[in-house]
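Notes follow once the structure below has been shown.
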Amino acid sequence: MDIGYYPGCALHGSSNDYGSSVRACLNALGARLCELDDWICCGATAAHSLNHMLALALPSRNLAIAERQGYEELLAPCPMCSMELLKARCALTASSDLREKVSEIVELEVQGKTRVLNLIQILQKIGLDAIKQRAVRTLKEFRPACYYGCLLTRPADTVQFDDCEQPSSMETILCALGAEPVQWNYKTECCGAGMTMADGPTTLELSHKILSNAVAHGANCMVVACPMCHVNLDMKQADIDREYDCRHDLAVYYLSDLVGLALGLDEKSLGIDRHFVVKR
Amino acid sequence: MSRIGIFICWCGENIARNVDVERAAAEVADLPGVVCSVAYKYMCSDPGQSLMRQKIVSERLTGVVVASCSPHMHLRTFRKAAAMAGLNPYLVEMANIREHCSWVHHDRQQATTKAVELIRMSVAKVRANAALQPISIPITRRALVIGGGVAGIQAALDIADSGREVVLVEREPSIGGKMAGLSETFPTLDCSQCILTPRMVDVGQHPNIRLYTYSEVEGVEGYVGNFKVTVRKKARYVDMDACTGCGQCWNACPSKKNLSEFDYQMGNRTAIYVPFPQAVPARPVIDRDACLHFLKGKCGICAKKCAANAVKFDDQDEVITEEVGAIVVATGFKLYSIDRDQASSKLAGYGEYGYGQYPDVVDALQFERIVSASGPTGGEIRRPSDGQQPKSVVFISCVGSRDNAKGISYCSKICCMYTAKHTMLYKHKVHDGQAHVFYMDIRSGGKNYDEFVRRAIEQDGAHYHRGRVSKITQENGKLIVRGVDTLVGEPLTIEADLVVLASAMQPAGGATELAQKLNVGYDEFGFLSESHPKLRPVETNAAGVFVCGACQGPKDIPESVAQASAAAGKVLVMFSNEQLSREPEVARINETNCAACFACVRACPYNAIERAEVRDRKGQLVKRTARVNPGLCMGCGTCVAICPSKSADLEGFTEQQVYAMVESLV
Amino acid sequence: MSETITRGALLQRVSVWIGGGKSVIGPRQVKPANGSGQEVPVQYGRVASAEELLLSGDTRPANSLKEFFFPRHEKLYGYQFKGRQIELTDTEQPSTEQIIVGGRPCDAAALPVLDHLFNWDYRDETFNRRRELTTIVTIACRSFDSHCFCTSVGSSPVDARGSDVLLLAVDAERYEVRFVTEKGRRLLNGATTTANENATEPAAPPKRFEMEQLKEFLAGGYERPEWKTTTLRCLGCGACAYTCPTCHCFDIVDEGNAAGGLRARNWDACQFGLFTLHASGHNPRHNQAERQRQRIHHKFQIYPDKFGETLCTGCGNCTRNCPVGLGVLSVVEAIAAAPRENQSQK
Amino acid sequence: MQNELRQTCRRLLEEGTVQVVIGYGDGTDGQTFPTFVTRRDDVERLVWNERCYTNLATYLTRPEILALGKAAICVKACDERALVVLEKESQIDRSQLVVIGLACSTDGVKQPKCEACENRTPRWANVTIGDAAGETAKTTADRYAALQAFMQKTPDERMAYWKTELARCVKCYACRQVCPLCYCRQCIADKNRPVVISTSATLKGSFAWQITRAFHLGGRCIGCDECTRVCPAGIDLRLLNLSLARAAEENFNFRAGVDVEAEPIVGAYSERDREEFIR
Amino acid sequence: MSEQQPFEPKIVAYVCNWCTYLGADLAGTNRLEYPANVRIIRLPCTGRIDFNLIIKAFEMGADAVLVSGCHPGDCHYTAGNFHARRRWILFRQLLETMGIDTRRVHFSWISAAEGKKFQQFVTEITETARALGPYQAYREICQAE
């Protein structure tokens, strides 16, 4: 199975561990990731606060490239990227005038035909049975708190993924591999995201609450599918511990990490060795 | 040959100032078919009318044109006058030379010319007028009331008290509706059951009321004055006539752990049960899905205990036909549930409130039962999960209501009031407890209503926070309610023991299906549509069908009762005559020419056109045709415009009349 | 030895007539093709210039010549309301001279047949006036199609009846001229030359039925099933009657408004279901078979009985214009060939 | 295919499933004409070729044909749409009718309408004979190409065009009689109290008639173009039909007879119908 | 009308009984003056107004036609104006194709409260018709024999 792959800046940069993890995990499941040629920034948080058309044009160009390269589906593991791409896709499919205008701006014909999927959707597509079949070990020792963050399920109309307030798709996958996810309360709360640069203390507070709730409900690790969440919960965990004088000691995995482990991949190839908090 | 009389009114100076009425009278005197043309100072005055009556007789007029003011003003007047002189009133037409001429055209020359043309047009029309007879429809002077809540009870009693028979259909085993389950009512805090149950008893004992409980309206045929209604009486497995309501059966029933519908699943009942002690009729019903006799084929203890031999396990549904002349719909409401699964995809549930997975998040009606002396907790305020007395209760307003994201844009109107009531009842019972209310606006218009809310805040110390709740989570047996107080401008987290949702009011289940059977319109939310929001608030566009109570829109008890009495009044007005007299200006179909495409049937806003068959004397089908039911037709003429062969025509505005008018514009 | 005229000389005469205010009528293409793929019909009509005329002798216009004598809508008189009085105004009699150039002999042959009808119990001034004002130059048909059957009704491609002049194409540029009437001779006076060339007689369509057999059938076969079986597909339109050179049924209508109006004579057609509908609602002809039977009877029995002429010239327009390929010929062929043994059955 | 058609019809008549087959028969010059086969031995009269123009659906509402008994009717994919409309308008009972679908060859029946043909194989027939590889790659633009070209003219030019064209109308009503959807028992054009449409074949009468004919087919015309084909005066009535078909498609997303589920737009409305032209 | 007099357009208005007719009544009650060219024909509802009436008006020499009724949702008969609106959408397209001057066919919603709107709109269409001149094209059609 060939899948169009849009890594976005994070998976090539600060979160290259996520990039490694996604590639390794999906490869092991027989999916080949074909990175888009000449992809550009999705616009992320910056573009839509500056210029509406820019925020539309940036992801649209990526969609145009995907269409030209003939991908019916495009994986964008970063929820910010997939949300921006989906927003653009919705706008493009709704208006032919807009399609024409945007095509002119990005200098590529764009229809908005390519479907955009997040990591969980790719795994669902591969299918639980297929994953289970290839699994070589159980994840029994993991009691993860699955954390979806603010973007994976929102805006609900645009992303149309899982239940906006009470998602459960990661749990379903992990349960199938033997893990025992915990029920907890902060699945879709905000971790602070990009505010980490502008307002450190608020981000620390938000992330602290998330970690605390996970621990309080018996989690022994956390699973995410977003590079930004990982930054705030893993990289910043030491700062949180310091600020709140506590010790969460909660390893934060990407979903692909745990699936990869079940498939028998080693921590290094999944990039787990590049995480900050090491599993006890 | 027509003999038309033209009567031109001066209207004092109103017309005569700008229209040369004498010249106009002279100019139209020679029109074909005109035998007299006179001008008079005030046509609508007694002498004016008697002039017209004299001329009708002396000139043997076959048609009259009064050129004066708007027909909306005096057409009725002049038609009545003509009728007094023995001329069919529908042979009178008016030319509006005041509002449409003298008052708006100040050039005397132009105004006079136009007046002459307007008169000529009316003369052309009246020559094609036909003598019409009012349509009379015999009526069955019995009413059907659908729904036995407070509105239905009120409507039924009002009609029955006036001496007319009423058929009251209620789908639950007892009448009483939502009000029977309420604790106390705002703004007086009088006990709901205390004021309702006597009226329920009145219904049960009224000689003019035929009560069908545990029954549903299955089909409605016919039209105003002549409805044929089929009612399905669901099998009750108890002989209503034999049963004395002694209670031996339900006291002995071994199947005891069945969730009580009346207590909104917060208490239990037996398999053979009465929903609540004051039920009317006070006769039990067997829940087939819970009864051991039906589930396992053994038991039958109730039958053994019954001294009256009233338990009938072989009872069957019964279908009854009732003939009635008017129908009052009072099917009431239900509360919006925050569940994930909703009736329509437009209505999304509230994941942030936990989709009902926390037992201590209850809705307002459940809270009513918790507070009620007859409720599952015996009136003590205890929360469902562990029976503890909640020390901190959060009330959330506008759950669903006014929330476009959840698909409901309207205000449910009563929540502000009952939420205030809830905080008071809570405080009166849990003195050391604290009530919190999250609200968007407080809407407390009504007699003594705002004072009531102020009391809740000022005397009973409820904390009102203007803002929405974003999330409810559960931690260590507490409900963590996170919201915002926009007046303070800060996020707010409250650790609550119980959360009460003031969920939106929705039409009761099945209301739209019933509306379809009755041909009554309904809005996008399923509330039934009244005929006119101001002037015909209890009528519907289906003649003879009236609405009252919350099936028409959110409303509180006094409003429901008032509307119910209004609907009953309308029914009684209808019943005050043996025949229903209707304007004859209705559509008719030329059945010989009708091609039976039935476009008119689709288009008719009143479902007044039916598919019919023409048969010969031997009963052989000759042809199919559309046919107008004059009892339902309101005379809009939409069918005429839509009929390609013009087999449909409209009395009073026939093709012949309208074309004659246009063709007079030479 | 015969008179001949060149095409050029004829067209030149036509130009002179047009220039002189005369109405020249002949076959012409009704409009340029608009690319829609729809066939562009040839119709008789008044031409604005001589070049429009199609004079090859191969054209079969979709209409007939009757409308230039008996128009589809003809005002009989006007009326105005004057107070309580009604004032009538006569219509002006036609005065424009008409010259028909390039008519088919079968179309022209219909006119003497119609003369009987318009001069029977009532002499129709307008029709006769137009007949007098009109000179007819026909061209013998050089070709025929499968719908032509003039020979079956006693006519032929060179039938000069009803024509004032009959032209026969010698080649693409010259016609042999046969003068039929003095009026015709006057019309082309000086334009013809005498030459030693005669046109070859054009081929005539084969005879499709025997008139005797047909008459026999009509006399005894009123109830025969063939009426129904051969006409089932009739849709009941007026295309046959309106393009027929001899059909002449009309309806009298009043059209007006509150000021006045006119009384007019409009074409009508016997195949319309309402043609015989009585005011009572009764319709003596219930279905298309009965209407078709009436049509054939009228043409081949009633009219001949009354006026001694067949009301059909075999032009074939009825079939050519019929939406479903029905026409006098297909009905008549079928019944004339019907087995005789059934004849006695009623 | 022709053989298969004849076999099918023979079987239907033999089994008594139907009493009459409405199909095409051979005429002179390779023309075909509507034919009605009531005896199984007459099925040899049935033909199927590229000259089978007529939309036979028009016979389904005629008393002469109804009197023959239960019918089987041959339809092309284009004609078939008429059955959908007739059923919606309660004119036929589909259960009392056997529909024999005839798939067109790639050339269709060589009529202008075949240029924009989208579907050569009938979709709702009880029996389909032949297979013409389903849909063709035609777009909305192809459908309305002729109209589009015509609408390039100015309004005055359009008016002038219709004046010349309708001057030739003799009111033979072939357009009406051939139309499968003109089934009124008495046409409004034949009424005289009041005179809605002047019965005279004058410009006034012909304008009123053709406007009425076109409008009464608005949202109903299925584009079989029979009216245009049979007009002895060669008037391109198709343009009028197309303009209303396009209006129905653009405004109500409706095409008559292409969707058996879709409710007719005549006699219906939406609260969201456009109204920018209303003041 | 003698040739020296200025051209006075003839305007036929088909209006519904419950809104626009009353709107015109209100214009009268408020003495709102407007040109005297319009001739109002009262029908129960716009749903009753057939397209043939518009053509008939032109045949009678109208230079402009107005069709007016209740605003959407206000119909006395709940839906007559919705049916009418749908017909007008189609009919306008046909007029366009026929080349009939759509500047002479006006549709409006005028409520019983909109006397002012009635006055303004009638004035406007009268002036438009005056500027366009007599509808010669349709008169020619009606006079052709």
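Going by the order they are written in, the chains are A, B, C, D and E; count residues from 1 in each one.
Throughout what follows, contacts are C-beta pairs under 8 Å (C-beta built on N, C-alpha and C of every residue); 3 or more make two chains touch, one makes a residue touch a chain.
Just so it is clear, the model here is predicted, and its values are computed rather than measured.
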Starting at chain A, fewest touch steps before arriving at chain E: 2
Chains in simultaneous contact with chain B and chain C: D, E
Centrality ranking, top chain (CA atoms only): D
Chain whose average C-alpha position is farthest from chain C's own: A
More contacts between chains, C-D or C-E: C-D
Whole-Å gap separating chain A and chain B, where each centre is the average of the chain's CA atoms: 52
Distance from chain C to chain A - Cα centre to Cα centre, in angstrom: 85
Distance from chain D to chain A - Cα centre to Cα centre, in angstrom: 57
Interchain centroid distance [CA atoms averaged], chain B/chain D, Å: 46
Touching two or more other chains - residue numbers and ranges from chain A: none
Multi-partner residues of chain B (at least 2 other chains): 592, 603, 642, 658-659, 663, 665-666
Per-residue overlap in chain C, given as positions that touch at least 2 other chains: 73, 257
Chain-chain contacts as defined at top: A-B, B-C, B-D, B-E, C-D, C-E, D-E
Contacting residues of chain E [partner chain C, same complex]: 60, 145
For the chain C and chain D complex, residues of the former touching the latter: 30-31, 34-41, 43, 62-63, 72-73, 145-147, 228, 232-233, 235-239, 241-243, 251, 253, 255, 264, 266-267, 269, 272, 274, 287-289, 321, 323-326
Contact footprint of chain E on chain C as seen in their complex: 73, 75, 257
Interface residues, chain D side, partner chain B - complex: 89-91, 183-188, 191, 193-196, 216, 263-264, 266-268
Chain D-touching residues of chain E, taken from the complex the two chains share: 51-52, 55-56, 59, 72-73, 79, 82-83, 85-86, 88-94, 96-102, 106-109, 121, 137, 140-145
